[in-house]
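Right after this note come the structures.
In what comes next, chain A is part of two complexes: it sits with chain B in the first one and with chain C in the second one.
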Partner chain A sequence: MTSEHTTPKLERCSRQKFLVWLSVWGLLLAWGLYGAFLCLFKGLNQTGMNNYFVFGLWITVDLAIIALGAGAFFSGFLFYILKVDHLKDLIGAAVVIGFICYSGAIGMLTIDIGQPLRGYFSFWHANVHSMLTEVIFCITCYLFVLTIEFTPLILENKRLSEFPLFKYIGENLHGIMAVFALVGTFLSFFHQGSLGGMFGVLFARPFAYRTGVAIWPWTFFLFILSAIASGPALTTLVVWTTQKVTGKQLVRRSTLSKLAKLSATLFFVYLILKAADTVYWANVTAPQMGFAFTRFYQGPYGMELLFLELFVFGLLPAVLLLIPKAREHDFSLVIGCLFICMGIVLNRFVMTVQTLSIPVLPFEKFVAYAPTWQEWAVAAAVLGYGVIVYSLSYRYLHLFPREHELNA
Partner chain B sequence: MLPTTFEFRWDAGHMIFFGVFYAVVIAIFTSLVYVAVKSIIDVYRDMTARNEANASEHPEHPHEATNEAVIAKS
Partner chain C sequence: MKTESGDQRIARYGMTIDVDKCTGCGTCAVVCHMENNVPFTVDESDKSRNMAWMRIYKVDNGLDYPHVRVVYFPRPCMQCDHHTPCVSVCPASATNYDGLTGIVDQINTRCIGCRYCMAACPYMVRCFNWWDPVWPKDMEKHLNPDVAPRMRGVVEKCTFCSHRYLKAKDKAHNEGRDYLREDEYVPACVEACPVGAMRFGDLNNPEHAVAQLIQSPRAFRLLENLHTEPKVYYLSSYEWVRKLADNFA
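Now for the complex of A and B:
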């Protein structure tokens, strides 16, 4: 983030071109809003959720984008607390991406709870023994923190900073951003963990249940690690895509490579722990509960999902991005980061949907989950919303402090 | 969320959870209040400095000088 008063003029495409670009994503958003309207007006019978699947596509997407949005808190922590200076090139973009992910997730949750007017119940009648209470408290607070982190970027806009009060608010917020970065790290650490813990404590769902330390199952720690590994991968991917779409160099190439290396290193550590967790669960935890490991993988959710998660979208991108020469090539950089993101999406899908598809009572059968178009529309709307917010931010704000220098 | 809610009990779970939660909320709001107050002081300081600069440029008839400048500009 730049704090200088004289920010260079941004060179952007014509307004007409920009409006065409926005309208494409606006249509996607409108389709999603129509789906959301139907869900709110007619009820959750518009979705594929039922007595088997109380969680579906929306929770999968929620968990995935919350994990992928971790790039904001992790980059903030590295930049403001550990003083990793090269992240200055893209800390603004990371904040915007995080803001989009969290606001999108909360927007989707608003539809998912069916009765948004009762959304305050989770705050007012808080069940302190529920991992979800911690999640809802933390993601709400963290979205507020992200909004605060986003504000100086907005106030740096040339027209807004002409007002002295806005200019000083932006500068002073920027001055104590380390406090917000620290608070954001604290909140993110716990809600990412609690999202994993929520599955790990499900004693009646042996596919998800894990042992652990004190009140925290192993999934608590695996979710934190997977989030901080995949967040920088999404940031790298988005910044690279922005460069390709705009035809400009926005950050130094070495910054993207370093971020990808960081992501790959953390992802590799995550995979080792995930593999250890899977082996222990398959050989000890599940058999103790009377389940054979192979019984968990049936129908459309076969063993290939585990293979894809651990190897194709796990080991492969991690090893690829750990090779210095591979990181220097755009193709392998993008494939690596994309596969890491896909691995996390798949992990969240497996934990959400496959957990619920496995029969746990004698009269139950193995069932598959099929989302309706309304669910897809709402999920797509988050993408449309994200692209619109990001595009507006890129057009009107100084997301990349080195942009002018790199394109001079 | 608040001790006045009828289900609330002063047990360890509530105290730890809400203690941490309110500590975070207080940290956020204290920081925001600090930023707001400091920004208002900065704006006020700027205005004072500008007025003093104007006064030192035109020490004898500051109001007349200001009016002249406005007229000349218009």
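Now for the complex of A and C:
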């Protein structure tokens, strides 16, 4: 993100090799685009969703990548507002990852709604009482903010910065980035929370419903905390993977360790609050609605999901990454960050799919859901799209300010 | 609107269904389809994706012959009255609670198809149009001109035949009345029930039969523990039937 000095020449692989790399991910993207085309052209009957499972794989992935993309706003907040300087090493990468996550999520949401052309109705006929309205408003606005944060990175490209206007815009945008970091933080707090609130307010779905403060259920706060805990974990994972794939050191090892420590600390706090929430919900909230805790865990969505979420993909990685020696080893660093990310994906899956699988009417039955290939394809396309955008950014933009210095 | 005795009051239209009388014949569900232009799906045996504004649940007491007993729960939209779960969640204000009648209606041309309302509804009354609506060739001639068919990608549900309310209100207005008589506005399912198991009217109007029926000790509602305050009441003399209506931890 340094605009004051000239971008040094960075070594990259051959164009041929890069094109082969892009083609692999391009095929994945094309497969997903075909799946998306079928869903748009023939309708959502192409999916495995039904009147019971009105949300499925796509909403799970949406919630998960929005949480994992929180690394952008949280890193921005720490770097620009709290002046945590060592994050300068990877703030550019965090912004690109955030941009990919949010644009991918919005793209997927567009396919997920039955009437994509009416998507703007949620702005035009906005229902201010709906958590989903808040989500739609904030993620759209935040994508704009991320685009603005991404712009100076693009304009710093060697070719583009030869144009005085682009250079001028890039440098000036960089100068006021703290403002956007603050706006991004505000928007992100609200939409991360509202995504949790979306489920927490479902007072007629005892599995999801939570009490809370004023209009915000506890899931509102848990989603914020889990997002800011897992976002840095994904950033760490992606930067580590980039280093392995490119064979270069891109950031100082201590930066990754510090980020992982931050992630683990926040995740630990999240787990304590999550455990407290679960105990209260299981003993007070759910019984008041006529449900025994054990009744929620049946069929394919058994108690093992809760165990996996709280312990295997919860306590285990949090404790692991809080041990300084473990953070110094690549294996434990990667496993820790990966498990944190998986814990968040599992949490979003549970909130989305398990919520809908539990019959509320006494004479309805427990149901299970299986996505079709079209749903998998669209989800995979987001990954393909992400790798392509990230690869292009790495190749043509100066994502890692210390790359030259660390590989001299 | 006013009552027949001239009092100005806000109506709360509701329904009672006597499950002890219901034979499960399905007439209510059939006429609902016809009245509201509810489309068919390619595979009607797939109940997870078919369109049913009125679904009939067959429920038994769990005992073996000869002690087994069966009842049928016809299930229209419960028309929740308190903090209606579906209305508050819709991001595009496509689900509407009419303060003058208590009817929860759906503005189909505004629905974006996000299905959040379906997730919010515990009664499973909402259906998503997974396909374009198609009727067998000659059946198109029988479509009800008072109800617009819905398109693919939107959610639809029972509206207590709200188009009938509008028609009845217009008729009363033309006749110089500012009130509706009890029998003037009745949903198609109630009108068609061959055994008279279903009654309909203004729950706020003590002159209406439903207002008296809901005071009966036989009256109960589905999922009262959730405090959605449905305006559809069921009636049964059997304790095991009334117990079936809710969950108990």
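Things to note:
Rule of thumb we're sticking to: the second predicted complex is superposed on the first by the 407 of 408 C-alpha atoms of A that agree within 3 Å, B and C clash if a C-alpha of one lies under 4 Å from a C-alpha of the other, contacts with A are read in each partner's own complex, and residues count from 1 in each chain.
We adopt the following convention: contacts are C-beta pairs under 8 Å (C-beta built on N, C-alpha and C of every residue); 3 or more make two chains touch, one makes a residue touch a chain.
These numbers come from a predicted model, not from an experiment.
For chain A, the partner with contacts to more residues, out of chain B and chain C, is C.
Once the two complexes are laid over each other on the shared chain, residue contacts for A:Val183 go to chain B alone; chain C is not touched.
Once chain A of one complex is fitted onto chain A of the other, the partner contacts of A:Ile169 are limited to chain B, with no touch recorded for chain C.
In the overlay built on the shared chain, the residue A:Gly299 is in contact with neither chain B nor chain C.
Of the two partner chains, chain B is the only one touched by A:Phe144; chain C is not.
Of the two partner chains, neither chain B nor chain C is touched by A:Gly247.
Once chain A of one complex is fitted onto chain A of the other, the partner contacts of A:His129 extend to both chain B and chain C. When both complexes are overlaid on chain A, the residue A:Pro324 reaches neither chain B nor chain C.
Once the two complexes are overlaid on chain A, the chain A residues touched by chain B in the first and by chain C in the second are 124-126, 129, 133. Of all the residues in chain C, the ones that touch chain A in their complex are 46, 48-49, 57, 59, 73, 83, 85, 88-94, 110-116, 118-124, 126-132, 151-155, 222-223, 225-228, 244-249. For chain A in complex with chain C, the residues that touch the partner chain are 43-45, 50-52, 54-55, 112-115, 118-119, 121-122, 124-127, 129-133, 136, 198, 201-206, 286-292, 355-356, 360-364, 367. Interface residues of chain B facing chain A in the complex, by the touch rule stated above, are 1-2, 5, 7, 13-14, 17-18, 21, 24-25, 27-28, 31-32, 34-36, 38-40, 42-43, 46.
Taken together, the chain A residues at the contact with chain B in this complex read 123-126, 128-129, 133-134, 137, 141, 144-145, 148, 164-165, 168-169, 172-173, 176, 179-180, 183, 186-187.
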